[in-house]
Each structure stands twice: as C-alpha cells, then as structure tokens.
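One chain, chain A, appears in both complexes that follow, with chain B as partner in the first and chain C in the second.
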Partner chain A sequence: MNTNSHGQTLAIAGGVAAAAVLPFLSGNAYLEHLLVLWMLYALLALSLNIVIGYLGELTFGHAAFVGVGAYTSAILSTQFGLPPLLGLPLAGLVAAGFGLVIGYAALRVVGPQFAILTLGFGAILFTITNHWVDLTRGPMGITDIPPMAIGPLAFDSARPTYYLVLALVLATAYLCHALVSSRTGRAFLAVRENAPLAASLGINVFHTKLLGFVAATAIAGIGGAIYAHYIRVITPDIMGVHNVAALIIVVIIGGRGTILGPILGALVYIGLLESLRVAGPLRMVIFAALLTGTVVFLPGGLVSLWQRWRNSNKSENTQPATPTGLPSAEGGAK
Partner chain B sequence: MDFTVFAQQIANGLVNGMAYVLIATGLTLVFGVLRIVNFAHGEFYMLGAYITYFVGTLLGLDYIAAAAISAVVVAGLGIAANRLIFWPLRRDHEFTILLSSLGLALLIANGGELLFGADPKYVESPFADEVLDIGTVTLTQQRVLVFAAAVVALIAVYLFIRYSRFGKMMRATAQNPNGAALTGINIKLVHAYTFALACGLAALSGALVGPTVMIFPTIGNWAVLKGFIVVIMGGLGSVTGALFAGLLLGVIESLGGGYISLGFMEAIGYAMIIAVLLWRPHGLFSTARGLR
Partner chain C sequence: MNATANAGEILSVSNLTRIFGGLTAVRDVTMSVQAGEVVGLIGPNGAGKTTLFNMLGGSLPPSSGSIRFDGSDCTGAPSHVMGQRGVSRTFQITSLFPSLTALDNVRSAAYRTTRAGWGAAILRNAAYRREEAELRRKAMEILAFCDLDHRADTLADSMSYGEQRRLEIAIALAAEPRLLLLDEPAAGMNPEEGQRLVEMIRRIRARGVTVLLVEHHMRVVASVCDRLVVLDHGVKIAEGAPAQVLNDPEVIRVYLGREPVDA
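Let's turn to the complex of A and B:
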C-alpha cells in the first residue's frame, strides 16, 4: 500500500507538472484557448461531481448556478464597476446562496423527483434571466465584460487564464480528495450508498446533502464568473439545457465519484467537440451515444478502465481480485 | 373581466391541457409499470409529429392515415428502445436508468436534428384552417380534434387497463413485479407493450398537436417538461391524477399567459411543481403503489 501511495504521489506530481508546461508545448493561441476551456469544464465537472458522484443525486440545475455566478460577476463589473477579482468570490457566494435556498427545498425529495425539481428550478432561473431585460439584458446578453486582473497581472489572454483555472482545478481536486477522506466525505458516501442506514448511524442526511450541494454550487458560480471574464460575452444560453447535458456527459464519461474522472471527461469532451467541428450536429449525437454507452457498458467511466486493468493484473499475480482503490469508484457507479 | 375572452382562455387551456394529459399518460404508465422515469418520452412525441409530417409530404397520405402510421411506427421504435436499453438495465440502480433515459433523449433529439434539419416544419392538416364556433368560443377544428381524439384515446386506454386481460397483467406488474411473474405473467412482454403503448400515445399527441404549432427537433424537450410537471402534480404512476393535473396546468397556463405575462408563463408550471413537491412530494392524487 505504501509503495502504491508513493507511486500515486509521483503520478500526481507528474500530471501537475505536465499540465503546467502544456501551454508552452501547444505553441498556438487556439490550442491555448482549448486548454482554458478544458480546465473550465474540468472545474465545473468537478463541482457537479460532488452532487452526482459523491451525493449520488442527479441534478439538472447545475448550469443555472454557473449562469448565476457568471451573471453576478458580469453585472457587478459592467454596471457597478467592481473589479472582477472581487466579483469572483461574490459570484461564488451568490451562487452558493441560490444553492442554499434551492437545495433546502429540493433535497427534501430524492431520485427522479429531485432531478425534476432541479430541472424546474434551473428552468425558472433561465426564464428569469431571459426575461428580466433591465438587469440581465435578456437574450441580448452582456457584452464588454472586463477581463480579470490581479494588480498589474491581467488575465486577458488564454495563457494566464489557463494557469488561474488550473490552480482552481487543483484546489478543487484537493478539496474533493480531502473531503472524501474526511468524516464529512465518508458521510457523503454513506448517504449515497444507503441513506436510511447512514441516518441510523447518526448522520444528518439532509444537512450532509445540503452541505455538498452548496459547496458544488459555489464552485460552479466561481467557474461561471471566470468563464464570463474570459469569454467576455454571456447570454442566457449558459444556463440552457445544452450546457446541463454537456456537464453531465463530462462527469459520466470520465467517471463519477472520482477526482480524475471529471478532468479526463472534460478533456475528452473538449477534444472531441473541437476535432469533430466539421461533423456539426453529428457531434451531439456522438456525445449522446457515448453517454448512453458509458452508462450501459462502463458505469465507472473512463477511469474505471484503468482500475479494471489493474484489478485483472492483480488477480493474475496474487489471487482474489479485491476491489481496491477509492471506496467510491465502482460501487457508486452502479 | 370580459367574459368572452375568459371563456376563450379556458377553452384554449383545456385543449392544451388535454394534449398534456395525453403526453403525461404515457409517462405515468411507464413509471407505474416499468419504474422508469423516462426523460426520452418527449422525443417520441417529437418523432410522432415528424413522422406524421414526412408520411404526409413524402408518401402523400392524408393526415389521419399519417397520424395513425406515425403512432404505430413510434410504438415499434419504443419496443426497440426498451429492448436495447431499459430491459437490460431493469435491475440496475434508479440513477443508472435515469441517466440512460437522458442519454436516449439526447440521442434521439440530436439525431432528429441531424436527420430532419433544425428549421421548423408545418404538419399539413385539412382541419388546421377551418374554424368552429361554440357559443362565444372560437376554436380551429384541429384544436377540437386534439381534444376529442385525446378524450377517445384516454377512454380507450382506461378501458384497456381496467378490463382487458393485458391491462390486468399491467396492473399486476405495477403492483408487484415479482408476484406477477410468479403467477405466470410474462413480465418482458408487459414491459415491451406498456412502453410501446406509452410511445404510441406520445406520438399520437405529437401528431395531433403538430398542425397547431411549428415543429422542430427540440420540441421533445418541451413535451417532456410539460409531461413531468403534470405527472409530478398528479403523482407518478397515477393516470387519473395526470388527467386532472394536465387540465389544471393547461387552464392555469392559459389564464396566466392571458392575464399576467406570456414570458413568465413557462415558469408558472415549474413554480407549481415545486409547490406540489414540497407540500405533497408524491403528488396531489397519490395513494399507494400501482396503476390507478
């Protein structure tokens, strides 16, 4: 086990180092832009993964919180002249506030009802954004959003933004890792696997779920704000069904309930999205087929491929293939 | 308040509501018997409208025949979808089934966009331009047809579930699948035909509503949302609940759109399900498990 964790540390260090030098290898602005998109999707997917992977509830409202964060920061900076750097935590806070209220209401039901309720809340937020023209400029969207800046360092191009989001992704990944190994995180998994049993062990199921939901929405809000200041134009489409589906696809294809999964899923998503640009509408058909195929044939997502391979190797060398690794990866994917 | 306008709004609401009921009935049947919350249900509605359109324009058949063909074809597609996706997953976690139905929905919606093109189409119907006056209320014949055909279809479905041998098998499966299997009911067949019936109903509503609106490949999304609102309000698995909830939603939306704001009309339905789910999480008309 010791060598294993040592190897893991090495692998993580290697991965982070590789991620850090990537922009220098890519060499052109377009690829750097794709790297930013990858990291943004990874960040959003990691936040969605807290709900889908750790809490085991399907939410259709996540894109709405991304939108709330994006609009909060965009409105604060364009209409009130607030520096985007301050807008970022505020976006997280406002999104978390929405998450608290909506989660407080929606987490009273579970399973399909929860999914439909979050779909309803998401649709209401979308409708309001689309029609409250005075505040959000409606379908016209908000343009000329100033780029993020820390003192003299402006995040107005892809490369610095990439490092900013990479740092956030790493922080979120670490947070998820710390969460899963903490008592709270174990409570999350216990609630996911068997809520009544978890309750009988003294876990407050509702509060545990609410905590996870609010954390996820806060990160989604921050991700949305960075997106707004990077792309510099936002429309209500950011909250649309399309984006909801995209985030779910990323998490499921990568592997829900894992940390590497959403990051890997985002890479696959952005990679396919761009490389298949010529295919047009066929792309979404491919993604839908990938989603359905993953659910049916590979419930643990792409990361479980490696785990399967490792397990089958182990069972050759030693005997019984004991399910190791994260307590989550496969058990929860069922 | 002007009474004529009010009556007109109510009539429009009832017509829309009846279409919602037809969509929701399939959704609730599939949940009641197969225990699947089918996010792809709206896509069968979309397919129903499109197949009616294509059978009408390409084969030159009249509207009624096209609608009937589309219902049968979509029912067949439903059998295929159930066989390929939902039947193999029936023992899996609810989460997996939800996700797979979402995947199927995205697959059909985007596949539809690819095949049919994103531009809107009009389903031709001889009744679309003829007007019928009932007292002070004016409706197109097509809208009257939506209401009448939906009523006939719902009565047929009700009688079928209540009195036919297969209907009894469906209800037995809904109450207790294992018990039903033990008494010799072919669960696989019940699942397949229930899913086909639900898809056929969705296609029928698509074919009926099609001529009153423009159709485009994303209407399935709209349909399934309406269906969900109705099903949640009426209680998942309750057919009678869906009837009342659907008509209620139609009328409330119509009055809300007429007297408050058309823009926020969409949000009214969601606000209603949120209220219902918080107040009575199992729907307004729910009692116990099984088909009602």
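Let's turn to the complex of A and C:
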C-alpha cells in the first residue's frame, strides 16, 4: 500500500509537470488555445462529474449554470466596471444560487424525471437569456468583455490563461479527492449506490444531493466566467444543448466517478475533434462512431483501461482478480 | 397491554395501522421490545411483517397509531431520522452498495458515528486523520466480526450470496445501532449458513444491540429469539416465548391448517 501511494504521488507529480511544460512544447498560438479549451472542459467536466459520477444523477442543465456564471461576470465587468477577477467568485456564487433554487425543486424526483426537469430548467434559463435583451443583449451577445488581470499580469492570451485554469483544475481535483475520502463524499457514493439503504443509515438523501448539486453548479459558474473573459464574447449559445452533450460525453468517455476521467475525457474530446478536421464533413460522424464504441466497449470510460490493467497484474502476482465493470469508489483518487 | 415506557423498553408500538387503498396491511398492532432482547416477528406471507418493518424503519408513514423509540415519539419520522436515532435495518432483497468494496461499504455506512466532513478532509487536519484511522480500524473490526475481513477489498457485487448477506449485517452494524431490524436474514441460506447466522445474531446481542427480526426459518427463530410476535392478515394473533407460541393452536392453524396463500 505504501509503495502504491508513493507511485501514485510520483505519477501525479509527473502529470502536473507535463501539463506545466505543455504550452512551451506546443509552439504555436492555436495549439495553446486548444490547451486552454482542454483545461476549461476539464474544469467543467470535473464539476459535472460530482453530479453524474458521485451522486449518480444525470443532469442536462449543467451548461445553463456555466452560462449563468459567464453572464454574471460579463455583465458585472462590462456594465459595472467590476474587475473580472472579482467577478469569478461572484459568478460562482450566483450560479450556486441558481443551483440551490433549481436543485431544491428538481431533486425531489430522481432518475429520468430529474434529468428531464434539469433539461427544462436549462431551456428556461436559455430562453430568458435569449429574450431579456436589456440585461443580456439577447442573441447579439455581450462583446468586448475585458480580460482578467492581476495587477500587471493580464490573462489576455492563451498561455497565462492556461496556467490559471490549470491551477483551478488542480484545485478542483483536490477538492474532489478530499470529498471522496471524507464522510460527506462517502454519503454521496452511498446515495448513488443505494438511496434507501443510505437513508436507513442516517444519511439525508435530499440534502446530500443538494450539496453536491450546488457545489457542481458553483464550479460550473466559475468555469463559465473564465470562458467569458478568455473568449471575450458570449452569446446565449453557451447554454445550448450541444454544450450539455459535450460535457456529458467528456465525463462518460473519460470515466465517471473518477478524478482523472473527466480531465482525460476533455483531452480526448478536444484533441479528437481537432484532429478529425482533416476528415472534413465526416468529422462528426467519425466522432460519433468512436464515442459509441467507447460507451459499448468501455462502459467505465478510458480510466477503466488502467483499472483493468492493474487488476490483471494483481491476479498474476498475488490474489484472484476482482472483476470490475464500474469504476471503483475512489477510482483515480486513490 | 399499554404503551407507557417501562424501564428498559427501547421500542414501543401502539395501535399501529397501515392502510393501502382498501387493504389494511397492518391493523392495530401493539407490541414492545425491551433493550437487549432478540424478538422474532413471524407470520405467513402477506401477514404485514415487512409493512410493519418499513414503518419502524421510517420508510413508510403509518396511517394511525404511534411508534416510540428510546422514550421519544418518532411516529412518521423519515428513514434518515430513524437511522440517526439508532435504528438500522437490513432489507428482504439483498441491499448493499454494489460497486464499492466491502471496506467502503462499511465505511460509507458509518455515517452516523463519524464527524469529519468535506472541510476537514480538505484541510487534512489532525481530527480528520485520527478519525479516518479509527474508522478504518473499526470497519475492519466489523468485517472481521462478520467473517469478511479477508474480503475487504472485494467489490460487493462480486461476492457470493452468503457473503453479501453478511455484508448487509456489517453495514447495519457500522452505524452502531441501538435497535437492529433484520428482514429475513436467513432467506436463501442453507442449514449450515443458517446456523452461522444464529451464532452471529447471538454475538450481535452480546455487543449490546437489540434485535427485531422477521424470519421464516423456524429453526433460526426458535433458537435465537427470546420472544416471538405472530402476525396474520396484519393482526397480532400471539406473543410469547418461542416454545409456547410455536405450540399455540391458532399459530399452527395459521401456518399449516389452511390452503397456502402463496402457492
């Protein structure tokens, strides 16, 4: 066990170091931009993973909270002159406020009904954003959003933004790791696995889900705000269904219920979509086929490849393999 | 029989009734359980045993009547409140956390007795580290108690049926309950496993846990229970020591003397 956790620490340190030097290897601005998108998707997917992976509830409303965060910070900085960096925590708070209200209503039901309710709430937020022209400028979107800055350091290009989002991804990964190794996170998993049994053990299922949902929406809001200040233009499309689908795909191909999964999934999503550009109009078809293949042959996501390898190694060495279809409780976090 | 709290009375149920549409599943049942007792709840299929259990565990509100646990009224309290007060239960159909390891099943189940939450885990403070070490030790002790310590890292859904049933008991014990409700723990077990279960229930009682169990295996019931309560069609028809109750003509008639309802 000791050697295992040492190996894990080494692997994490190596991964962080590799992520830190990546922009210097990329060589051009476009690749650096893709790296920022990777990290942004990783951040949003990590937040969505709290709901899909740890609480086991499917939500179609996540992009709406990303949008709430993006619009909050964009409006505050363009209309009230608030420094964008102050807008980030406020975007998180406002998104969490929406998450609290919507979660309070929607988490009364579970499974498909919950998923449909979140789809409905997401559509309502999209429609309001699209039509409340006085506040959001409607379909025209908000332009000229100022970039984030700390004193003389402006996050107005890809490279500094990459490091900012990388830091947030690492912080969020640590938060998730702390979550699943705490009483709170074990309650999340208990609720996912078997809600009636969790309740009989004294776990308030509704409060547990609400906490996870609000935490996820807060992180989504922060991610949305960073997106707004990085791209500097937002339109209601940020809340659209295609963004919801993208985030769900990232979590599932990476491996839900793990920490490495969403980060890896985001890399594959961004990387694959870009490298398939050579295929021209067939791009989305090939992408969809690959995605379907992953879901069918790797239901636990890319991370489960590593778990399979580890288990087969274990069975050769010491004890009988424990067959795993799903990611284990802590998955990448262990 | 009245429902006033005697010394040592941990659970008292008075005039409890549950109606589903036109069907009265449990009618006017009054019973009590003393601290430290093992009480068996028996009756033919459809007698209302599980309905009564669900009301005691808080997953089903009673239509009328009252439930007092440990001196305070908890009629209609939801499941997690009953759990927090110290009532743990197992379910008739195997019920555990399937894609977690046995160790994580037990650790997740110790929610009631742990305190260090997300914040403490982020800070990794001394209280968190101490509690995690203690939780691990306690979880391994409970797994050993249920003869599952060698399976600590095995996923629950890849265990054998007998192991899963023992893991369910380990989960219930992890909450350190004062009252344990066991719903047909011997279902599907062979006589040897049934004998092991009897031993285990005796050791659970020795830990200071009061046990109320629904069971069909008469050998298990007779050898482990101090007292039996018999339900038929939702009505309590007999109560007393096993030897006496199992020879009661009415009980024999209910069990054997008419066409089986569930054939």
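List of remarks:
Note that the second predicted complex is superposed on the first by the 306 of 334 C-alpha atoms of A that agree within 3 Å, B and C clash if a C-alpha of one lies under 4 Å from a C-alpha of the other, contacts with A are read in each partner's own complex, and residues count from 1 in each chain.
By our rule, a residue touches a chain if its C-beta (ideal position, glycine included) is under 8 Å from a C-beta of that chain, and two chains touch if they have at least 3 such contacts.
Since the model is a prediction, treat every value here as computed from it, not as a measurement.
Legend: residue contacts after superposition of the two complexes on their common chain; A:Gln79 is shown touching neither chain B nor chain C.
By the touch criterion stated above, A:Arg108 is placed in contact with chain B alone, chain C being left untouched.
Of the two partner chains placed by superposition, only chain C is touched by A:Arg183; chain B is not.
Of the two partner chains placed by the overlay, only chain B lies in contact with A:Phe287; chain C stays clear of it.
Of the two partner chains placed by the overlay, neither chain B nor chain C lies in contact with A:Gln8.
Touch criterion met: A:Asn194 reaches chain C, while chain B stays clear of it. In the superposed pair of complexes, A:Ser312 makes contact with neither chain B nor chain C. Of the two partner chains placed by the overlay, only chain B lies in contact with A:Leu58; chain C stays clear of it.
Contacts of chain A with chain B, set against its contacts with chain C after fitting on chain A, share not one residue.
Those residues of chain B whose C-beta lies close enough to touch chain A in the complex are 37, 85, 88-89, 92-96, 98-100, 102-107, 109-111, 113-114, 118, 221, 225, 228-229, 232, 236, 263-264, 266-267, 270-271, 273-274, 277-278, 281.
Those residues of chain A that touch chain C in the complex are listed here as 174-175, 178-179, 181-187, 189-190, 193-194, 196-205, 322-330. Those residues of chain A whose C-beta lies close enough to touch chain B in the complex are 56, 58, 105, 108-109, 111-113, 115-117, 119-121, 123-124, 127-128, 130-131, 241, 245, 248, 252, 280-282, 284-285, 287-289, 291-293, 295-296, 299, 334.
Of all the residues in chain C, the ones that touch chain A in their complex are 57-59, 78-80, 82-84, 88-89, 91, 95-101, 104, 107-112, 114-118, 120-122, 124, 128, 132, 153-155, 158, 171-172, 174-175.
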